[in-house]
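For clarity, chains are labelled A, B, C, D, E and F in written order, and residue numbers in each chain start from 1.
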Amino acid sequence: MRFIIAVIRPHKLDDVRNALTPLGVDGMTVTEVKGFGRQRGHKQVYRGAEYNVDFTPKLKIEIAVTEELVVAAVTAIRDAAHTGHIGDGKVFVIDLVDAMRVRTGEIGPTAL
Amino acid sequence: MRFIIAVIRPHKLDDVRNALTPLGVDGMTVTEVKGFGRQRGHKQVYRGAEYNVDFTPKLKIEIAVTEELVVAAVTAIRDAAHTGHIGDGKVFVIDLVDAMRVRTGEIGPTAL
Amino acid sequence: MRFIIAVIRPHKLDDVRNALTPLGVDGMTVTEVKGFGRQRGHKQVYRGAEYNVDFTPKLKIEIAVTEELVVAAVTAIRDAAHTGHIGDGKVFVIDLVDAMRVRTGEIGPTAL
Amino acid sequence: MNAKTALAAGCFFFGILIATHAGAQEAASEVQESAFVFNTLFMLIMGMVVMFMGAGFCMLQAGLVRSKNAATICLKTISLYSVAGMMVWLVGYNLIYGVEAGGLLGAFKIWSASDVDMAGASHSAHSDWFFQMVLVATTASIVSGALAERIKLWPFLVFTAILTGLIYPIQASWVWGGGYLNAEWGFSDFAGSTLVHATGGWAAIAGAIVLGPRIGKYDKGRVCPMPGSNLPLATLGAFILWLGWFGFNGGSQLASGSFQDAGAISKIFVNTNVAASAGVLTTLVLTQLIYKKADLTIVLTGAIGGLVSITAEPLAPAIWQAVIIGAFGGVLVTVAVPILDKFKIDDVVGAIPAHLICGIWGTMIVPWSKVEASIIGQLVGVVMIGGFVFVLSFLVWVALKFTVGIRASAGNELLGLDKAALGLEAYPEFAPG
Amino acid sequence: MNAKTALAAGCFFFGILIATHAGAQEAASEVQESAFVFNTLFMLIMGMVVMFMGAGFCMLQAGLVRSKNAATICLKTISLYSVAGMMVWLVGYNLIYGVEAGGLLGAFKIWSASDVDMAGASHSAHSDWFFQMVLVATTASIVSGALAERIKLWPFLVFTAILTGLIYPIQASWVWGGGYLNAEWGFSDFAGSTLVHATGGWAAIAGAIVLGPRIGKYDKGRVCPMPGSNLPLATLGAFILWLGWFGFNGGSQLASGSFQDAGAISKIFVNTNVAASAGVLTTLVLTQLIYKKADLTIVLTGAIGGLVSITAEPLAPAIWQAVIIGAFGGVLVTVAVPILDKFKIDDVVGAIPAHLICGIWGTMIVPWSKVEASIIGQLVGVVMIGGFVFVLSFLVWVALKFTVGIRASAGNELLGLDKAALGLEAYPEFAPG
Amino acid sequence: MNAKTALAAGCFFFGILIATHAGAQEAASEVQESAFVFNTLFMLIMGMVVMFMGAGFCMLQAGLVRSKNAATICLKTISLYSVAGMMVWLVGYNLIYGVEAGGLLGAFKIWSASDVDMAGASHSAHSDWFFQMVLVATTASIVSGALAERIKLWPFLVFTAILTGLIYPIQASWVWGGGYLNAEWGFSDFAGSTLVHATGGWAAIAGAIVLGPRIGKYDKGRVCPMPGSNLPLATLGAFILWLGWFGFNGGSQLASGSFQDAGAISKIFVNTNVAASAGVLTTLVLTQLIYKKADLTIVLTGAIGGLVSITAEPLAPAIWQAVIIGAFGGVLVTVAVPILDKFKIDDVVGAIPAHLICGIWGTMIVPWSKVEASIIGQLVGVVMIGGFVFVLSFLVWVALKFTVGIRASAGNELLGLDKAALGLEAYPEFAPG
């Protein structure tokens, strides 16, 4: 099993989710994050003082999937989240040792 | 060492924490997340237009533990977070390569 | 590749970022989290009832780096985030199986 | 003097007489018109200021509930004001003023203005209706705050209709309508410490008992605070209420077009203001001493407590007396807030300490500054109105409880009434925990 | 009677005459002074209350937009009020009142007060200017809400200048200035259901059509709600507007210093209040029945709808008529909100249902209670003003669109106007999604 | 004419005399009563509106601080209003008005109303006290905004007591009390550009210097903005202040019961409004030109700057002069905000540009429209009051600093004063960064 962590543009969430559902991914956890990357933040002015807000708001999506699904999932995320501009985000894949569904206590791939 | 990621119902936080403390887990990090899963979100009406809010608010708990503690910790989380209804959450276990306590610079299991 | 998860004091973010940039780390993702640890929360009074707010606001920083950079990065974080008082935070290192840049589809270390 | 001259002189005096008489009549009618206009405009303007207290209660309560119930309390506040407006028209007003002297029950009759000919009146009937109506709405607002975060919307509005249409008007008729308490006991309550505020407080405490505390408020004997979600809004609410109180107490003079009235209103403004200030400063100092932290939310309740305390008699006291009356209101509030928690009466916004307890205090202290009032008369009024309002409210709450139910389901309460009953969120973008 | 006595008597009567005359003059001037003061102060105080409606619109709209556009709507609201103040001075006022009887176009002239000698006037010219100005600002506020979240700041302010300097004043001159509609058709619009509210609504709907809906609002035929970010603020706004309406309708009596005027104002207050209450309760019940959820945001629009409905004639109706007028306003609002969505007219805050549709309803129902008004006269006024305002506004919007552009770029709209145009955030610390 | 007839005629004239005299007396007393009522109610209503400025300052400041200090500023605002109310009663009022003509120091005496017999007075003493008190509270509110986010609660309240009890009253006595500046220099400050606003500004700048900037505000020569946490609230605050200013400037006419007074108040309303509008539009255009972004927070300060500018003389200027006076206030604000940052004077909400700098400007420009005022007289007043207030405030701040300390510990400042001093959070559910 793998644990996919994707950082994407906020308004791409629905697209990404819609791209993943057909693959059989029916769970994910989303967090609002601040991204620092090559993408510059934006200039703000406050009472005459300019300053740079370095971060850009992003969403982080975490998805636990079975090994077979990883490539399809990552590809789906890429296609759905892609705009071609700096700030499109990144996808990280981590090994998932174990998983459990709290409701049933199921363990392993069936828990996903 | 293992890194446990548990997604639970928000009002179960205290129960989960109280279940873990006796095991010797005395650190954890909690994040407010949105969960998409089998649990449907809820219907909202706004000015006459119904729409579905797909996500449900969840809490994500991250706990670094030593290997021996993993099973006990996961079990404790399950017992504490369990209600038996859809949306109870999931627990993911990841391998933790290293850990460090910033204050002292300690490394490895003693840092947890 | 490694995935570094650092929990730090909120006002240390700029210091940590400034310490990492020279190393060649030019991306990171930051999340507002609540930390439960040895550091006690603070007492609050509300309408005559005292209660303990157990958590302390922390920032969680996630940084994907190449293997060579791990030690330098963790050391830099420690130096930058250190105050010597309880609540300084922790750093966790996880193995990163794969990474992809969404904009280009690049995979592996060049994606970081 | 000969006859002719006498005639001339007679003419003369008669002429003067006519002139004076005509002049006097004209002058009298002008004076009367001027007083009518003064009184009418005064009551409208003061009524308008009291109407704005609806916004004050709304902000205070929206600020002191958790965000998951903030939209619901807003809906309740604007709805209850609307219900009160209807009920006072349909039944309330004639229950208050249709009572016979010394009587106990007024008339059941839809109100309509009687002043087709305004020339004989001291002020327009419509202006009076308006002012009375906004007072009634105040009473209903008090209840909504205490029961927030767990009561169902519709049963609450049914209770509001009964409170504003029956309970309030009946007891108010005993005093302001010239009924029993006024006639037999000389009960004195200038602007309604008892009639408006304690009445709201009694209805609230009855509701709080029948309804029970919020889930998790009293856990294993401990009080678990549920901090208000937006204290700047709550502070705005307290400021608006303070402002509204000038209309509340000042307007209760009911007339403004003479030296005496204008002077009285001025004194009322000053006393009202210093009593509130004293309430603020007392709670500020006390919470600092007791808890080592100045508690903003208790200070806001302290301001209101000071205001309620002076409401029964804002005219008679000297300034220093008003200060003491308000300050002691602040003491009561500081003490009562945790005591209610001891009894597990969950009053979300502090309505009971501020309106009920300070309302009683304010009423009982009237004789200190007003010689016409008697302690016994005040006590009879406090007890009789308190008993009537509490018992009747309690019965209505119980009746509602065992018919339609008054309490949101546990699931809905945990989810928050906004999502459960309204299907929306007060602050949908700012994710609360 | 001999000559001498006759002389004496003559002297006597003459003397009485002088005395009476002098007395009458003095009395008259006193009465006149008193009425002048009453009227002037009344218009200032009511004008002040209407001015505060600026804050009401600001809060309502800031609460109903998404947080990424909240600061921009605040800036627009305070700026449009300022623009209105300038334009009414520079052109507007003399366009309204410089029209000749039965005419169509007033004078283009900067306004300055004519009342160097106030003794002949019913009230101070400055007080009149102030009251008229705040009415104009109201119209402009209506537009800003409907077009929120996507219109560019500066073109909006240019339109505001044209609306408050030309469009509003010209049509207002036809009625309140004694022009064509007043003289030829006896068109009756007491406080401006059509002149102020529908005018704002027509300008808003023209703008909404030219501007188009927000990105994502109508997606594949579905309506995708974009919930307001701060409903307690929106509720505060509705309360402030309700308060302001007493000034709006009451102040439109334009005089207060007599039995008749003071009585009329009182009745206006009562009718205004019950109409709003009825609007609230109707929308409350209807949304509960239709959607199974009481929708706070529609209830707020319902309050405003009730208020707009009674604005064309708040004096003549009996209370029960005012209740029905307001209640039907609530029905219209409930129905119109989703219908606008059907036509993909994206009205962020419900300005069109509340101000335009209820404005027309309120104007057309005037003859029910006011015998002097005719259905045909009302219809002519509604159509003529509606046509004029809509067409002219449409042309101005189109002209602006094809010159400077009126719509923020898609990128800026997605980013939020606050960051894009103001370089700041309304709530920088509370991370929105 | 024979003797008898002469007698008759004499009687006649005597009779007329009596009649006229009596009529005149009666009329005079009616006129006087009517004026008394007008004046008294006017000052109460205007005072009420000024009182509401407390809420305006509270919202403005709560919106412009970071959320971690928002509850504290709310507590300060309601507390300082209460302290002012006490101090004006205990010492302030008699310091202001107990001064002898041309004198420098009034009487130290608790105030109580002197008008047992109101028949001789122009308005009720209580109404005067109330109006003066709310002006004093305004001054104290100005200080609290500038020093926000780092000052300790209790030392701040001690300073407030000294400011409202001693510093303000003493300098006010020189002008409004008929003291030195009024008698010797004809210093003219109608509603308090200098006496109220600059005084608050001087006390604030003294405090800001002694207190130092917030940690991190000036980092390595760069200005690091700390954006206000809730701009809609700040905008609400500005609207409330604008509203309050009608009471502030209008009420300072102190009388309303005559053609002249009512006309004057009307003109004051118009000038006050256009000056604020001009301040808004100037800052709007300037910030757009300078920063390419219209800065809402500076625009809000611009509204206040325009208002302060016209406060010294809102009656004499023609409308176009009022526009220019207000507009230049807007220029000053736009320029002064970054200049203060150059000097590392950390003024959280822009109190110093708006109240101090525009206060001086408004005072110095008085002779332009008011011939009785002289530039030299104005200068002497500005300097003398400025020197007195600044030096005394500075000494008090220093004294407080070296005794109890005025600055929160660095840890508490970083944590936020809400948690540190109040033990609560303004928005506990909306996790700030």
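Just so we're on the same page, contacts are C-beta pairs under 8 Å (C-beta built on N, C-alpha and C of every residue); 3 or more make two chains touch, one makes a residue touch a chain.
On a predicted model such as this, the values are computed, not experimentally measured, just so you know.
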Chain-touch separation of chain C and chain F, in steps, is 1
Using the touch rule from the top, work out which pair, B-E or B-D, shares more C-beta pairs.
B-E
Suppose you list every residue number at the chain A-chain B interface; are over half of them used by both chains (same) or under half (different)?
different
Report, in whole Å, the distance between the mean C-alpha point of chain A and the mean C-alpha point of chain F.
54
What's the distance between the Cα centroids of chain D and chain E, rounded to whole Å?
31
Which residue numbers or ranges of chain C touch two or more of the other chains?
31-32, 34, 44-46, 94-95
Shared-interface residues of chain D (touching two or more other chains) are 5, 8, 12, 16, 19, 23, 27, 30, 34, 45, 227-228, 230, 236, 291, 293, 295, 297, 423-425, 427, 430-431, 433
So, with touch as defined above, which chain pairs make the list?
A-B, A-C, A-E, A-F, B-C, B-D, B-E, C-D, C-F, D-E, D-F, E-F
For the complex, give me every residue of chain B touching chain E.
44-51
For the chain D and chain C complex, residues of the former touching the latter
223-228, 287, 290-291, 293, 295, 297-298, 334, 337-338, 341, 350
In the complex, go through chain E and note every residue touching chain D.
1-2, 5, 8-9, 12-13, 16, 19-20, 23, 27, 30-31, 34, 38, 42, 45, 49, 66-67, 227-232, 235-236, 238-240, 242-243, 246-247, 250, 256-263, 265-267, 269-270, 273-274, 276-278, 280-281, 284, 288, 291, 293-297, 299-300, 303, 318-319, 323, 427, 430-433
List the residues on chain A that touch chain B in their complex, please.
3, 17, 26-31, 62, 64, 94-103, 105, 111-112
Which residues of chain B touch chain A once you look at their complex with the stated criterion?
2, 5-8, 31-38, 54-55, 58, 60, 74, 77-78, 81-95
